[in-house]
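Structures are listed in the sections that come next.
Next, two complexes with subunit A in common: one pairs it with subunit B, the other with subunit C.
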Partner chain A sequence: MEMDTYKLQKGNLGRFLQKLGEEFAVYAPVKSDGVVAFVELMPGQESALDFPRTHKPPKDVFYPQTEVMFGYDKDGMHSVEYKGKPIALFGTRPCDAKSFLLLERVFIDPKYEDPYWAARRNNALVFSLACNDPLPSCFCNWLDGGPFSNTGSDVLITDIGDAYLLEPISENGERFLSSADLLQISTGKDIEKAQNAKERAESSMGAPPKLDSLKASLDALWDSPLWDEVSSKCLGCAACTYSCPTCYCFDIQDESRRGKGVRIRLWDTCQFPPFTKEGSGHNPRPTQKHRLRQRFMHKFSYFVEKEGEFGCVGCGRCVSLCPVNIDIRGFINEVLKTAQGQ
Partner chain B sequence: MRQMVKNVYMPIPLRVKKIWVESDDKTLRTFDLEFVNEADAFDYMPGQFCQLSIPGKGEAPFGIASSPTEKGFLRFTVNRVRVVTTALHYLEEGEVIGIRGPLGNCYPVEEFRGKNVVIVSGGFALTTLRSLAVYLCDPANRGDYGDITLIYGARRPGLMIYREELEEWEKKDDISVHLTIDEQVKGWDKLVGFVPTVTKEIAPSSEDAWVMLCGPPIMIQYTLPVLTELGFPPERIYTSLERRMKCGIGKCGRCNIGPKYVCLDGPVFSFAELEKIPEEI
Partner chain C sequence: MDELVEKIKKIFAEEKLELLIGYTKGTLPLRATPIFIESADDADKLIFDFTCHNNLAKYLLDEKKRGGDIRKVGIIAKGCDARAVVQLVVEGQFEREKVVIIGVPCEGVIDPGKLRKELSGREIKNFEINGDRTTLLGNGFELELDMSELFSDSCLSCRYPNAPQYDYFIGEPAEPIGVRNEYTSVDEFEKKSPDERWTYFEREYSKCIRCYACRNACPFCYCEECFVDRSTPRWTGKGNDLSDTIIFHIVRVLHTAGRCVDCGACAAACPLNIDIRMLGKRVEKEVKERFGFTAGLDFETQPAMATFNENDKEEFIM
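The block that comes next holds the complex of A and B.
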């Protein structure tokens, strides 16, 4: 059965989010000090949906940058898992929505379920905001995504001028929209506007290169001087990994005082030397070349081998935030070209 | 099977039953631990590891040195290196720590059932191979395997772990034990020489035989060619790898070698597998 699409007048956005907040803990983009970031929306707080892309991906909504795993005292250990309302993530970009599916493969694998991820992610609703104006650094269309992709979303939102078009993608999305207040059934004209926006956005991105041979090319170029070249200017600052929606590596640390304390986990990065440094002092990835290769290989070879798809959604944050302009797209093209010439 | 109910990061309480110093330089201690709640006890296989956890200090992975055929305790030998291992060394008998496990894969005891087994080890890498030797020599299993040979070397007698036990094994006829030290010292009446050299001299037959090889990287580097010369193909030479780890369950993302996670796909690998993945050891 074809599902209805809905329309929300822009003037009603605040009230709609307030309603959403009765059932859910709502995370939405909020502008503060000129920076847009996803935060839990407090009553009366306004969301800004006119942002191109947040610096920080919304992955911390389901996977906080630091979180307490459990506390302990003289009586033993006490697990600390999320027990709040189900989460509604509102206004995430399609690339970031797709990243949750990739992260899920890691956190919920066939053998071990990560309880902290599951506690936030289960029963969550993801409202994605389609990209009418992709940025020059965006390359989601290289990776089976697109500015209007609905992968990983429960509802896809399109800005059609004076209103938002809300298209249910999952059953949960449909269930919510069909009973929500403030929505109208959209008209053929609304849908046409959204369709036009989609075509404009997609055609603005240019044709993507074919990446079918990328994994094999990277595997063949393990010892290539390409790695020396690309890593020679890398500062090892890890802006790329901290801003990456699909990076998931973490550290576990204990903090304690006078017999009680907590075990916490926090985002970590393969770009810092201590990440793999062993107790003996030996480090299997001693230079920035090794560490940069790990990042690229993980996303475009190892993840493919384990999970059957690339571990990158093409959000372009690592491209735009790199202080020395390392562009992973340029490197990918270089790899494809070099492998072809071999 | 996915573990649905319990939190996979939550350590289970274990009581320190017995501790002793394992090496004369006092950097190695061995711990026998028992479950505080009998219901928590888990099954495991030789080669698997656990995360030992001291609240306030952290967690670190250690290979299980006891055999599943030994009931009532879990044994670990710990080299004192940094924060967690130092805290473990300061433990006293009766104290309670945490454990997560068993983690990782095990030595391929099913694949080499009915075959001869050669165990080659050096230094304190003997831990999970002790587990294997005890497992194979258990009366319930011994009949399932052919000859069992152990070649073990340490720099000097005082660094030889499980020494009393190994000397007991020398008297048994179900395992052939060869102990060696690097240089002759007074009172030593066994072999002298590095593990690769001694392996070459003993020359265990590769016919119908599998090798489990664990030790310092330099020992592995020089022993591999000896084994190849003796006719062991890489498919029948296994080792156990170590890497810096946090979660132990394939999520924290740091123990990979190429596409393989040491914690999930290993720690036990054949050299045939290792040849296929990029070398970043």
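The block that comes next holds the complex of A and C.
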């Protein structure tokens, strides 16, 4: 069944978000001290929807960098559960929306469900804002994505000038939009405008390389000097992994004091030496070459093996933020070229 | 640029270099990237200009960690890179005989964080340079700026644009750009009330995601195991609790006191543009005032924190 698309005048955005906030905890990109990140929108607070790509990925809405798992004291343990309203993410970009599906494969497995992730993620609505102007470092179209991709979204929003076009993608999205105030049914002309924006955005990105053979190429090049080359300048920081929407590794720590404490889980990264350091002191990934290889192999080989798709959405944050300009796109091309020549 | 390539080729042969650490063109506009060259034939890839912001001295430590014999390393050095090399030699981290310092005149380098800030989320596809002005060109926008607005804060108050110690120097020594007095920002900050200063540090460090890009970009953060990574005992919490984060930054600044060469690598590496430099510069000023010491100027002077002088001011000792 074809679903209607809706139109929201830009002047009504504030009121729309306010309405949304009655039912949901609304997270939107907000600029604070120069940093744009997804935070819970407070009444009257302005969102930075125009900002092309938030500094921090929205994964921390469902999977905070530091999260209390439970508390304990001399009388026992007590659970700490998310008791807030269901979450609505407003203004995620299509790459970030797709990242939730990839993360979900890890946190919601047929056998294991991560209760912390599920508590925030279940019943959440994702309103994605299509990218009219993809950035030069974006490469979502290499990875089955695109500036107007709706994968992972409940609603896809397109900026059509003085209004937003809202296209329901999921049933939940449709249910919300069909009963929401302030919306009009969009006209053929509105839809044409969105279509034009989509074509412009997609053609601005250039043709992506074919990645069908990437996994096999990487596997074949496990011992290649390419790894020495790319890792020699790597500083071993976590600017890439902590700004990555699909990196999910965590550490667990106890923080206790005077008979009571909390167990927390916090983002960890394969780029840090202690990540794989064993109790004996042995470290199976002793050098930055081993650690960088792990990051790339995890996204483009191991994740494919386990989940059937790449563990990268091509948001380009690591490309833009790496202090020494390690560009994963260049490395992928290098791998494909080298494997082809073998 | 040809002069650089040509001379490097000569130096390679003369010095029998086994490795040269330099810069090459990066994949993004206005970005250079470090390159490691093992043969003079690859010298054509080298560049040096205002995009070469990384402090390459950091990589001398990697050469040491590589295992095997330490190779003879040439290093392209701005003033701050050279000072870092000198300081590392003074600290016994690298043998003087194994490093060939190749000075290049620095007229300021672009801090990618400042560039990101100016662009406010957009990215450029190209740029034009016109004297001291630059025009940044992106998808449907043009932004004209003074180059100095993109330069690292360290460059804007740099006193040593040329290597104070070098084995070779390529080009004519540069004049300091001297846009700002060295300690102006620190002096102004000191005039604020403790509450205002605390609010500032709270605001800046609350952005920190503990990625340690600052630490890892710093030539003087070479501890085998950083205190924040220790688990037995654990010195500080690992989450993004503000007090833990601030402990990390304060300890790092204290640990680099009298060693920091104010290259700005920490600030330039930060993905969130945190003002990491303010604390460091303040401590550098303290060391200079109390001990008359500036790091990395010569191979003989012992670092302020590694020596005792009976003339040292001691009024702060209780």
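The criterion applied here is as follows: the second predicted complex is superposed on the first by the 342 of 342 C-alpha atoms of A that agree within 3 Å, B and C clash if a C-alpha of one lies under 4 Å from a C-alpha of the other, contacts with A are read in each partner's own complex, and residues count from 1 in each chain.
Definition applied: a residue touches a chain if its C-beta (ideal position, glycine included) is under 8 Å from a C-beta of that chain, and two chains touch if they have at least 3 such contacts.
Values in this document were obtained by computation on a predicted structure and should not be read as measured data.
After superposition onto subunit A, the modelled positions of subunit B and subunit C are compatible, with room for both. Using CA centres, the angle subtended at subunit A by subunit B and subunit C is 90 degrees, rounded to a multiple of 10. In the superposition on chain A, A:Glu113 makes contact with subunit B only, not with subunit C. In the superposition on chain A, contact of A:Gln253 is made with both subunit B and subunit C. In the superposed model, A:Phe70 lies in contact with subunit B only, and not with subunit C.
The gap separating subunit B from subunit C in the superposed three-chain model is 6 Å, by closest C-alpha atoms. Once both structures are placed on chain A, subunit A residues 251, 253 are touched by subunit B and, in the other complex, by subunit C.
Against subunit A, the residues of subunit C that register as touching in their complex are 26-29, 31-36, 54, 58-59, 62, 65, 112, 116-117, 120-125, 138-140, 203-204, 207, 209-213, 215-217, 225, 229, 231, 234, 237-241, 265, 268-269, 271-273.
Residue ranges of subunit B in contact with subunit A, taken from their complex: 1-4, 7-11, 13, 55-60, 79, 81-82, 85, 98, 242-244, 246-247, 249-254, 256-259, 264, 278, 280-281. Interface residues of subunit A, counted against subunit B in their complex, comprise 69-70, 72, 76-77, 79, 81, 106-107, 109-115, 219, 222, 248-254, 256, 259, 261, 263, 268, 270, 275-280, 284-285, 290, 294, 297-298, 301-302, 305-306.
On the side of subunit A, the complex with subunit C involves touching residues 33-36, 50-53, 55-56, 65-66, 133, 135-137, 204, 232-233, 235-239, 241-243, 251, 253, 255, 264, 266, 269, 272-274, 287-288, 319-321, 323-327, 329-330.
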